[in-house]
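Multiple structures are listed underneath, in structure tokens.
Both complexes below contain chain A, partnered by chain B and then by chain C.
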Partner chain A sequence: MSWKRILIPAAAIPIIALLAYGLTRDPNLVESPLPGRAAFDFVAPTLDGDTLSLSDLRGKVVVLNFWASWCIACIDEHANFTEAERRYADDDFRMLGVVYQDTPENARRWMQRMGGGWPSVIDASSRIAIDYGVYGVPETYFIDKNGRVAFKQIGPVSWMLLRQKVDSLLAQPTSTELKTGVSGAGALHSSGSQP
Partner chain B sequence: MTNTIGYLAIILALFLSLAGAAAAFRAAKTRSSALTLLGRRAAYGVFGLATLSILTMVFALVAHDFSVSYVAQVGSRSTPLFYTVISLWSSLDGSILFWGWILAGYTATVVYIYRDRYRELMPAVTGTLLAVNVFFWLLLAWPANPFQPVFPVPPDGPGPNPLLQNHPFMGLHPPLLYLGYVGMAVPFAFGFASLITGVVGGDWIRAVRRWIMAPWIFLTAGIVAGAWWSYEVLGWGGYWAWDPVENASFLPWLVATAFLHSIMVQERRQTLKTWNILLVIATFLLTLFGTFLTRSGILASVHAFTEGLIGPFFLGFITVVLVVSLALVAWRSDQLRSEPALDSLASRETAFLLNNLLLVAFTFTVLLGTVYPLIAEALRGVKVSVGAPYFNQMSIPIALALIFLTGVGPALPWRRGSPDLLARKFLWPVAVAVLAGLAFWLLDVRHLGAWATLVLAVFAVGLLVGEFWRPAQARRRAHGEGWSRAVLNLTAKNRRRYGGYVVHLGIVVIAVGIALSSTYRREREATLQPGETVVFSGYQIRLDSLYAGREPHREFAEAAFSVARDGRPLARMTPRMNYYPMSTQPIGTPHVRTRPTEDLYLTLMAYARDGSTATVNIIVNPMVVWIWIGGGVVALGALFAISTAAGGAEPTRSRGSSTERQAEPVEAGVGGAER
Partner chain C sequence: MTSPPREILTLLTFAVLVAVPCAAFTEPASRGQETAVQAAPLSDAELEARVREIASELRCPTCRALSVQDSPSGMAEEMRGLIREQLRAGKTPEEVRAYFLERYGEWILLKPKAEGFNWAVWLLPVVALAGGLVFVMLTARRWVQQGQARAAALTQKGPEEEI
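Entry: the complex of A and B
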């Protein structure tokens, strides 16, 4: 009856295989309807006391980053944004932060300590976050020169991803280009969510 | 500093459990008492280190030390102290730390209690438990490390998930569930050790029986408390939604329930050995599987935490446990051969077998519904979800059959029952059930499922009462005792049996509560202006006022209602919406007025900012409270059943079974022709 002895443990294989497959999926990832659509415009006060509207930045590639001082993953990605700001200083590129569910004082202090000269707006009653369907921080939206959302990243942005997205958006901001950006988003997403 | 202490304790616990497991397994082979002692001491040491690490974490939480990664994730200066402390288990890393601590506690306790018994088995039990410890401390040392340093230190944290700081039950439900879940490692360790050592039958079965009961009580209480929590907090008026993670707690419960019945058959008849080993392995695996579902994020659920490397780690561990256990079962299949089980169809063995089949079928049904979305996505690439209708439809017939058995099982004698005895035992319960069936129908209980539940419940209670009544009657005659004294003496003499019957009564009560509350629930929504009244199901519900307020950790909007019946004031009810600083959505808090016959459940759905209107959802839920009461009865009955150990009966365990047999002549005397 030795085949039986092998068969019993072998029964485990399909179960393990199924669970292993399950690990490659992330059920919490809801496909965002935003890529390809016009980014919601907003006018909001910045941490420095100015007022800023997204539509003022039309014609530039905007990296819109939702963050908070209590968000640990935001610490990890911050250096990438600082680096991007330096690297693309002469291009049509702007970093823009949105402070998510945080006090302005804490956010200001955090920004001073972490460095980075770009503005961040205060999202008083989470209106902007709700418009963009933010699930948690950090989330980052890449907006092209025509003011359309090209790509959405849930979780911290890696330097590779940041460079790749910004370079392609700076190079060819046409509507056909946008389409490939959308279809490529899924693949990038799943690879990006596994550190 | 805090980070270093906590992390050091985790690392030391990891290495100590590793060394201890190695020593204990070696001792299992060589019978070396020095190594056995080493393994035992390692178990105590791991528990000490685990306690140190958890105290460090609690200290960091209370001190708002945001340089500790877990505190930075779940802490907040505005969270009240109680919720700060219990946020220990409100998120991933902390809950695994809590888990590790409980596991270490179980390990140390078991190793201590049985330090002088089961000498051929205990080293392998110690080794198995410590090996499970190795896995959890490895998890904590690496992918789930809650003591990672955070720099720069954030000024404040987001606080725990708002849903988890909205009700004090959060302090009760998770620890109970963890105590149940983690405790299933102990019977597994005994089963696994018996496979390693080849000591497949014997005395230790009784130890296992106790060690499945203890976590079973916690798990039962944890599940009921979770249902209650969701009822009091989530605002939809329900208590069970077949959410994957609810299922994950229910699956090991089902298998453990099957096991604690079938283990009695093995104890009595030296049979079902392979089956029992498989059940105990399955129970443990299902707790791991449940944790895998919750902690790895492979299925969408309100409970699912985020993933990372924890999912693959768990999967690896499940694979190892599954493959090694099954291989051991296959290897030991010769020793596991059993004697034939059944003498007669009308016997308790048959009832246990049926009970086992039903519970395992139930397990498969729930398991299939839970993982079906995954299967569908893997095979057909489509996203589906399996909703409550599937689970309800599948589980109602099984549940009805199980209610039937809760009464029939205890009434059937071991081996075979004579027709005469059976007729005497069943006549009255059947007659009463038939009458009750007619009465319920006339009382307009026309929903088939609810009606059948009630009728079977009456039948089962009739049989169970008979099991108390008959021997009590015999005692009265024999000793001239009064009723209460007779029942008291009877149950005290055989706690295990009568505790078990009380558990059965509790289960029947729960079933009735579920059947009636789910079928006769009434609900409506109304938008009211202050001063306006809505009449629903006999209640006059008047909106008195609508106001907003602020508490340290949240703001809220509250509506005050006066509830009256026939013009007689009953209650002032204040459902509210809480706004937590770190959540975009308000968290509703329903107001529940609980009475034995029905609950009135008000949820504030919406309101006008100027205070001119409030929309309230009104639910009238009959008999819900009996679910919680039934849960309490189950827990008390089960505690009573295992309470023999507390009285120091443990060392005389070898005579333990005689307590069981003592009561039997009484019953046999009553039953007359029982044997």
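Entry: the complex of A and C
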């Protein structure tokens, strides 16, 4: 029957195409609703015993990295953060770690072993991680000088990506600079919408 | 044997097409009623039941294939604690769901919202079921017709052979 020759492929082809498309996608790459929105503020204790608030870093480009001492992929990216800390030492740039599902003792030992002078806050009940929609570690958020999430990276951050994002965000003006007419290079980078 | 009446086939297909989407959308309506009742303070048992209900609808960010309710991971445990805390603070179940949606996007919902492209997820099974039903009915009817034709041919052949 001729209708069978048309109907069966007509039903099967879209389903096969959909499944094939699914196979080309990485299930770990889930689009975050946060880019473009104001970064959630938090006040938390650091591994050094101080207290740190994200809003205190307003006016700086912040690389907010969720990590853990048990995370193997975190080792890969750590050297890039150390290099960034050195390279952007004189810029409006801050590295900030958030310890995810780990004990402060293990995290402290890991930082001592791996090096790096930036602070890391202890996220005791994972509230910061939930606020940032974290799936696992490592995950990194690039926050612009105006305190907005500009980009989210799931998985280790490469040196190329880190440089590209930080350079681009450093070149952007703060909202106060915009108001007073100070010009900056490039438009605000965001992949989401303003809340 | 006679072929199944065409009216029954049409009625069955129509019933499936109408009943399944209706069943799928009765839940949000009852959820709305629950939200209205939320204003009264909850007992511990009610609170835990509400926590279980919300946690069952959310995907565990670490396990992914499990709900926040079923996952044994530390992150899921913290999320259940956060749901409990928010409900205790007087937030409605809708507000708690919105909290997680705002942070994780629609991915966090185990059951996608019935809107836009998501309709495909809700309607495709119904269409596939209805299509399968029609296919089975048509095939069965063809087999019956073929059987009848064969039987008729045999009864015709019988008297001829006798001659």
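Note that the second predicted complex is superposed on the first by the 147 of 195 C-alpha atoms of A that agree within 3 Å, B and C clash if a C-alpha of one lies under 4 Å from a C-alpha of the other, contacts with A are read in each partner's own complex, and residues count from 1 in each chain.
Quick note on the criterion: a contact is a pair of C-beta atoms (placed from the backbone, for glycine too) under 8 Å apart; a residue touches a chain by one contact, two chains touch by 3 or more.
As the structure is a prediction and not an experimental result, all values here were calculated from the model.
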* Touching A:Arg86 in the superposition: chain B (first), chain C (second), both, neither? -> neither
* Check whether A:Gln101 is in contact with chain B, with chain C, with both or with neither, and answer first, second, both or neither. => both
* Asked: A:Ala11 contacts which: chain B (first), chain C (second), both, neither?
  -> both
* Asked: Counting residues of chain A in contact, which comes out ahead: chain B or chain C?
  -> B
* Touch check for A:Leu34: first (chain B), second (chain C), both, or neither? -> second
* Asked: When the two structures are overlaid on chain A, which partner does A:Asp131 contact: first (chain B), second (chain C), both, or neither?
  -> second
* To do: Report, in rising order, the residues of chain A that make contact with chain B in one complex and with chain C in the other.
  => 11, 27, 101, 126, 129-130, 134
* Asked: Which of the residues in chain B come into contact with chain A in the complex?
  -> 69, 72-73, 76, 150-152, 154-158, 289, 292, 296-300, 304, 306-308, 311-312, 315, 318-319, 322-323, 326-327, 329-331, 333, 371, 374-375, 377-378, 581-584
* Once bound in the complex, which stretches of chain A touch chain C? -> 11, 27, 30-34, 101, 125-127, 129-136
* Can you name the residues of chain C that touch chain A in the complex? -> 61-62, 64, 74-75, 78-79, 81-82, 100-105, 107, 131
* **Residue numbers on chain A that touch chain B, as the complex places them** => 1, 4-6, 8-9, 11-12, 15-16, 18-23, 25-28, 68-72, 75, 101, 103, 106, 109-110, 113-114, 126, 129-130, 134, 195
